[in-house]
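Structure first, commentary second.
In order of appearance the chains are A, B and C, and numbering begins at 1 in each one.
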C-alpha cells in the first residue's frame, strides 16, 4: 500500500516537473523571426545585445544570432541555415556571393586586428613596423605563436599575413606555432596561459576579460584592417529565406539608424566598430 | 486451507530413460522411476547425485536430452505445470511485501482470492508481518513465505528442494508439519533432503540417487532398515563412496 | 574560485531573470529529452534484456558502444539531418529547443537502453526459474521485472539526466546558443569562457552542479526510502 502510494507520488512529481519545465518555453506562432549567421567577435563584444533591441523596437523583428567562426558561418549559410550572414573575410564573402549562395554583399563596419602577446614581449614584436615584420620576428623567436586554426575570418587574415611574409608556419606546427582549432576567446585564454603571441580582432580583445599578462604589441598597420560584411542568403537558392525580413534587417543595419548605433556602441569607453556602409 | 480431498489426475508419474547433459557433463544417466499417486516421496543421495536436477526436470524447468516424463500418460505442458509448485533451496522472493508475494503467485495462476492469500500466511505464521518487505525477513521466514506462496497456487504436486537446509528448528517444524498436512489432504509431495531424521519423519517412500542414476526405490521403512544398494548403505552410514 | 562561488551565490539570490530563463530552458530541454529517451529506451532495454533472439549479442555490443558516442558527433549528424539542406530540412527544426531535445534524446537513449538491458537481464536471471515454476506469462513477467527494478531504473534515468544536462557539444551545434531562445547552462558557460569571463563561467557551472545535486538528492531520498523498506 505504502509502496504504491509513494510510487504514484514519484510519478506525479516527475510529471509536474515536466510541465513546469515545458511551460517555460515560447513558440509564438506568426512571430517575425530571422536567423543571422555571425562571427563570434561581434557577438562576444556585446554588439548585438546593444543593437538588436533597438532593431526590434523599430521593426518588431526578432533576430536570432548564431555565433560561430566565419568559416562555419559561411558553411551554415551555404546550407541555408540562416537568413543573413555577418562575417569578416571579404574574399570568402565575395566567393560566397559569386557561387550564388548569397545576394549582394555590402560593407557593414570595420575595426582592426591587433597582435597581442606577453607584456614583457620576449620576442620584441613591439618594435616591428608592420604586421609582416612582426610575424617574421615571431617565427624566429622562442615564444610560441597561437593560431585559431579554424578557418575563421581571423585565421584567414593571419594566414594572409604569413603568406605576405613568405613563411609557412604550418611546417613549425607543434613547435613554436600552435594551431588550437578554437574560437577567439578560447584561443586568447590559451595564449594567456602559454605566454604566447596571437592575432585577434580588436572588439574581442577589448571585451575579453581574462587578459592576464597579455597586452597589445602590434597595431595600426593598414594590413590589419578588419572589414565586416553583411549578406542576405540567396532566396533563389533557399526558398525558406525570409527575404523581406532579412532585407529590412540589412537596410536598417546599413542605414542611418543602424550605422549610428554601431558607432555609438562602446565598451570601457572605447568604440569597437566603425560603421562604413556605402 | 480447504479440506477438500483430491487425487491428482497427473499421477502416477513415470520416468523412462532420462538423460541430462549440461556443459558437456553427463549429470543424469538413464533415470527410470515410478512415483506413486499419494504420500511423500523423498529423493536422497550424496551431493552431486543429481537430485535437484531431477526435480527440475520433473517440474519442467530443465529439458532432458533423452527420455520421457509422463504424468499419468501426459507429457509436461503449461497445463501440467500449473498443477505443480516448487519451493527452491534458496527462496527467490519479489521485491515487495510478504502479502504481495503470495498475491503475485495467485495472480500468475489467475486465482484472485484476497482472503485466501492471508489465510496461507496465517498457516505459515506470517500473517502478522504480511506488510513487511519480503526480502527483509529472516531465512526461516523467507522459506515459509516461499512455501505459502507455492501452496497459494493450490498445487496437486509440490516439489521441495532441501527446503529446511540451514533453517532453525521452529521454521523447520512449521514446514514439516505443513508438508505432512498437505500430503494427508491429498497433495503429492516430492522432497529432496539430506536430513535423515526429516526423511524418517516425512517419507512414505524413498528414491535414492547416486552418480546420476537411481540406485534404489522403495518404502521408507524398508530403506532405513535394510538399504539394498551399497551406495545407500554408505550414505546412511556416513561413509564417503569409494571411487 | 572563491570569487566564482560568491558570484554563483549572488547570481542565484539576485533572481536574475536571464539566469532563470537559461536554467528553465536547460531543465525543460533535458527533462523532455529524458522523458523521450525513457519512453523509448526503457522498453527497448527491457525487451532486449528479457528476450533471446538471433543477433541479440551484436545489438547489445552496439548499444553499449553507443554510450560512448561523443556529443559533438551526435550534434553534427543531427545537424546534417535537419539543416535546410538536409533530408529533414523542411521541418525547420534547426536552432530550436526541439532540435536540442532531439539531440539530447539521441545522446542518452543508448545509456538508458543499455543500462536498462543490463538491470532487467540480471533481475530476470534471478527470477526466471521462479517465474517459470509459477507459470508466469511472459508479459506479466516483464511488467514484474520492470516494477521490481524500479529503484535501479531511477539510477539509470538519473545517469541519463546527468549526461543530458551536462552536455554542450550537441546542443551548441543544433541549438546555436541563441540568446533568449536556445541558450542553456552549458552553452552559456562555453560563451562566457570564450569571453574570458572565467569567474562567471565557473559560477554558472556551480549553479549547474547544484541543480544536478538537487535532482540526485531527490532520487537518493526516494531510494533510501525504498532501502529502509528493503524493496531494493
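We adopt the following convention: a contact is a pair of C-beta atoms (placed from the backbone, for glycine too) under 8 Å apart; a residue touches a chain by one contact, two chains touch by 3 or more.
Nothing here was measured: the structure is a model prediction, and the numbers come from that model.
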* Asked: By count of C-beta pairs in contact, what is the leading chain pair?
  -> A-C
* Comparing centres built from CA atoms, which chain ends up most distant from chain A? -> B
* If you average the CA atoms of chain B and of chain C, how many Å lie between those two points? -> 47
* Structure fact -> Rounded to the nearest Å, the gap between Cα centres of chain A and chain B is 77
* Structure fact -> Cα centre of chain A to Cα centre of chain C, whole Å, reads 31
* Where chain B touches two or more other chains at once, by residue number -> 96
* Asked: By residue number and range, which residues of chain C touch two or more other chains?
  -> 229, 231
* Out of chain A, which residues touch more than one other chain, so two or more? -> 2-3
* Touching residues (chain side chain A, partner chain C) in the complex -> 2-3, 6-7, 10, 13, 17-18, 20-22, 24-25, 35, 40, 44, 48-49, 64-67, 76, 78-81, 183-186, 188-189, 207-211, 238, 240
* Structure fact -> Contacts from chain C onto chain B in the complex sit at residues 126-127, 129-137, 140, 144, 148, 229-232
* To do: Would you pull the chain B residues touching chain C in the complex into a rising list?
  => 56, 59-61, 78, 81-82, 84-86, 88, 92, 94-96, 104-105, 107-109, 133, 135-136, 149, 153
* How about chain C: which of its residues touch chain A in the complex? -> 21, 24-25, 27-28, 31-32, 35, 83-86, 89, 92, 94-95, 97, 150, 176-179, 181-182, 191, 193-198, 218, 222, 225, 229, 231
